[in-house]
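Next come two complexes, and both contain subunit A; in the first it sits with subunit B, in the second with subunit C.
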Partner chain A sequence: MTSTRASTGTRANTALGSGLVCYLVVGYVIAAGGDGYLLTVASLAAVNVVLAVGFSIVYAQSGQFSFATAGLAAAGAFGYAWFAKHMPAEIALVAAVAATTVLGLAIRLATIRLSRLYFAIASVAVGGLITIVLVNWESLSGGASGVGPVPAVTFGMVDGEELAGVFLIAWLLSAVAVAAGSLLYRSAWARDLLVVKDLRHIGQNDGLPIRRLELEAYAVHAAFTGLAGVMLASTGTFISIASFDISMALQVLIMVVLGGSGRVLGPVIGAAVITPLPEILHGAGKWSGMVYGITLLIVLVALPDGVLGLWDRFRAWARARLVRPGTVRVEGGSP
Partner chain B sequence: MNAPEVDALEVKDVKVHFGGVYALKGVSLTVPSGMCVGLTGPNGSGKSTLVNAVTGVVDAAGEVRAQGTPLQLSRPGRAARLGLRRTYQTPRVHPKLTGIENVCTGHRLMAGRSASAAVFRRMRAGAAERDRRRDAEAALDRVGGSAAADVTGAVMTYGQRRLVELARVLVAEPRVLLLDEPSAGLNDTEVTALRTLIADLAAEGVGVLLIDHRISLLNEVCDRLVVLEEGLKLHEGEPADVWRHDRVRAAYIGELDDAGN
Partner chain C sequence: MDRFIPLLFAGFSTGAVYALVASGIVLVHKASGAVNFAQGDLLTLGAFVYLAFTGAMPPMAAVGLTIVVLFLAGGAIERIVFVPLRDQPRLTVAVATFGIALAIQAGLTVWQGSDPQSVPSAFGHGSVDVFGTPLPVLSLWTILITAIVFAGMYALFQFTQIGRMVRALAADREVAVLYGVPASGLNFLTFGLSGALAALGGVLLGPSIAISPMMGFSIVLFVFAAVTIGGFDSMGGVAASAVVLGVAQQLLTGYVSSAYTNAYPFLVMLALLLVRPTGLARPIAAERF
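This part shows the complex of A and B:
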């Protein structure tokens, strides 16, 4: 048994490793050959990957519906812009992510007694509140007109004035987030979260620290969302509060539902599919909004468990067709 | 381990009502450590409600002590801190987790079960997880549920779900154990194994409250029986005496009549 499990873990690490290598190669190819338009869309995809992975953990794994995504991302972005005026960009990145995490924890602590539905509603208000505070805190956000230029995160490896280099760093950061997300998804912690989500009372009576687990999941969501905000500010040179509205939370929700849950690949697929969709649908002209909506509706109805669910069903089907000796399990239990 | 002098579970005058309907009208009972007390009675007599009251699943009034410590009622999770675990009338396992994984979630070892440990302290988290898996395998083996180790909850048989749930509470090494119809859905071999298991647990000093409809199981494994009817204690005593009691017989025959109507 032990050897099988060890090899399962190794296989997962190998999959993660090779997946990350592919991910980085794609990023490098885009950086080397892409024009400004492609780089902009790909930067947005990197941001969305980080947003989706963070939201997937708090929503799909722990069952907390948070609409505060835009507020937290704005906190990360403007926090970074402010910190970057006073310290090197790399330290500003860490500080902004830390600040967003603390903000997220404070939000969740203040609302910890609310039931899930009421927390979802409260999170809309909280997200809006952050935006209102930011828009009126002009020294931090530049008010309605925004702040800029914001220095890019370069780690001293690329030219901060060059779009391809700045994009590459954002892509690298999203790869780090995916790796962290993968480790989180495969952990005993994520397993406990599933119980918190689906068998709350049972978990409580089995001694699981429900609230600590929920807080941690929310902190992870806040940290990832803060990082995404930093990446937006870093790749965008100029940021304005107008880019952080409720539609950001909706878009991330769609990515997570479309991609599927249970492992980090789901939100990555979701972000990769949804980000370029409006660009592709540009050809539909004034109908693009409607086509976007209808496309989403069809996809969500056709794939209730997302792309991952479709893949898993296909695998189960293929396995049932190609039964290998030794894979049949003797069922016990019924008389 | 010797049974301590303190009772595993003390229930005093516990009342539960759903609107104007009283499901429990003031029930008291005691489960001494190292003993198995059977709780029986017709359907709707309040057996499961009592377990739900003790574990905070339903709001209740009254006094409950676990391991001698007073328990705050109506707060799920409080009883767990005092070493009390329960199973459910309908077995509850997570459909997406395998048998082993389900059992692991019941383990008390919390090391390596935080987000930061998952990313930054992977070696230690891995070591703790190996310990949990080892104990989970042993617990599954003990209840005879090893066949469900690698099966996800969604495709387990009903009996497997029962056994996995039982292993999930046993892996926590409870001092007080409330079993809600553990034999339902099990075959004869599994019931025999369950009987041995409950007797062993009591011998280890665990206080067991057993709800069940199998009279043979109750008679063989319980030191005392408590019979409930319509939210009140009807009778309490040695298993052999209880069934001779007229009102107990009437309650059971009454139940048959109701079912027949």
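This part shows the complex of A and C:
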């Protein structure tokens, strides 16, 4: 809590600016020098960054556990594919994100009276329902065989046929999402969400509109997830409902838990670590599921605040020992 | 009517398996407040362990041994996940059980591959004619065993000292511990029992479908629909809603459309949750933190 407060201000703004510049430079280098394989993995990383930033706002910041990730992403992807048949890709992107946001709002509005645990379970059902409806709605999703080719988002800046260009746009979109997430994270709104998560009853007594905040956080999450779906469709050119299964929700969950909460950097780190994991584990392909499961367990048990929490603890430790030697030890960081 | 009786019967049989899995979830939730999403994968594990044992020994011995192994597996989950996370929010514990679920699925895939396999039945084959309608023997056994298990658990919780202690833990953990209830041992016991119930579910369900490492996770989603409707703490309510869901699923599949078989339990659950956000059970306690 204190660290969030301390990081608002000019210094944090420079950090965001330079961070984004680094992020874009990395993307440009990958686009300029990467082969097809690297570009595919990096595109997936961009999608995962957007997914994880959205999920961290709803799960780590506002304490709602939603399992509808795959369903919402599928809605974004197939929505985009359908809109793109009737309008330019850029407008289709906006329309698909808007449609997913409305869908998320409707889902959360219908379930707003449920307690957290019941909502977590209901969201599993909702996510499953969306995919089942999509499989059977063949004119939209192409049934089990999928739809394609889906036009890529280009903004008129790159060649839509070229993998590197399409990737660059996806990377740009993910940078926009990270910037938006970062601004959201340092807003008063995000601090209200923390109260909703941890001090619900106090927040209620202080007049915070708990349910409206939950609804807003969920809508933001839906928008991010919808954007990720659009990016999947745009970079993949061919989409099938089979790629939106429950393991997608699990992966995003692991990214967010591993990265840590409170800052936009957490989910970005999580996505950067988890995305290449299946590629690294390629030789041991069938073990990758176990690695995921056990990673999740180890992180939850031994590292409940994620990589960011570890870093904060290290910084507090270093400051106490290195910066002011001989003086009274400064207690800082998370307990 | 030709179709109605078999469909109804299949519904009862499906519902009985859902109820077995659900009872494990309710048991654990009663004793520890934890929600175990890995329950369905314990069922899968039970089916595969039974498959491994059944070649080497008589069927009933394999069933018994499977139940023992799964009892230990359930207890291990308690020691690995629940003990270190006891002070964390309930949602964190629930998320951790997802990790267990994933690890079990992947472990089974490594062990047995992801292809569906058939399991020999320990409880006979074929069907018997009841009023001219052929009913599968295995389904009859499933329903019977589930009924016996539920009666046994009811007796355990109502009439024995262990049952009273578990109920005391569920009602108020701190006070129960102050009064000398051995919370740690009882938690191990309840997690183990839920594993044993899952083993039974796997042994009963396995032969009627082809088993694969992913099957438990899809079942547990339906089971959660039942648990949500029935209320997390009411064994009877959950059993009833599991059977109702099973029957509704089979009847809707038979009479409306089979394309949405997997959607029906969710639809029923969502419709009910919209009307009663806390499920059908009477809410008796405030949210625990």
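Keep in mind that, in the parts below, the second predicted complex is superposed on the first by the 296 of 335 C-alpha atoms of A that agree within 3 Å, B and C clash if a C-alpha of one lies under 4 Å from a C-alpha of the other, contacts with A are read in each partner's own complex, and residues count from 1 in each chain.
The criterion applied here is as follows: a residue touches a chain if its C-beta (ideal position, glycine included) is under 8 Å from a C-beta of that chain, and two chains touch if they have at least 3 such contacts.
Because the structure is predicted, anything quoted here is derived from the model rather than measured.
Judged by the touch definition given at the top, the superposed model places A:Leu208 against subunit B, while subunit C stays out of reach.
By the touch criterion defined above, A:Asp192 reaches subunit B but does not reach subunit C. Using the contact criterion defined above for the overlaid structures, shared-chain residue A:Ala32 touches neither subunit B nor subunit C, since it reaches no partner. Once the two complexes are laid over each other on the shared chain, residue contacts for A:Trp287 go to subunit C alone; subunit B is not touched.
In the overlay built on the shared chain, the residue A:Val126 is in contact with subunit C alone; subunit B does not reach it.
Applying the stated contact rule after C-alpha superposition, one finds that A:Leu322 touches neither subunit B nor subunit C. Of the two partner chains, subunit B is the only one touched by A:Gly262; subunit C is not. Look at A:Leu183: by the touch rule set out above, it reaches subunit B but stays clear of subunit C. The interface of subunit A with subunit B does not overlap its interface with subunit C at any residue.
Per the touch definition, subunit A reaches subunit C in the complex via residues 63, 65, 110-111, 113-118, 120-122, 124-126, 128-129, 132-133, 136, 246, 250, 253, 257, 286-297, 300-301, 304. Against subunit A, the residues of subunit C that register as touching in their complex are 35, 80-81, 84-85, 88, 90-92, 94-96, 98-107, 109-110, 217, 221, 224-225, 227-228, 232, 259-260, 262-263, 265-267, 269-270, 273-274, 277-279, 287.
Contact residues on subunit B toward subunit A in their complex (touch as defined above): 55-57, 76-77, 79-81, 85-86, 88, 92, 94-97, 101, 104-106, 108, 110, 112-115, 117-119, 122, 125, 128-129, 132-133, 137, 147-148, 150-151, 156-160, 163, 168-169, 172, 185-188, 190.
Taken together, the subunit A residues at the contact with subunit B in this complex read 1, 5, 180, 183-184, 186-192, 194-195, 198-199, 201-210, 216-217, 219-220, 262, 329-335.
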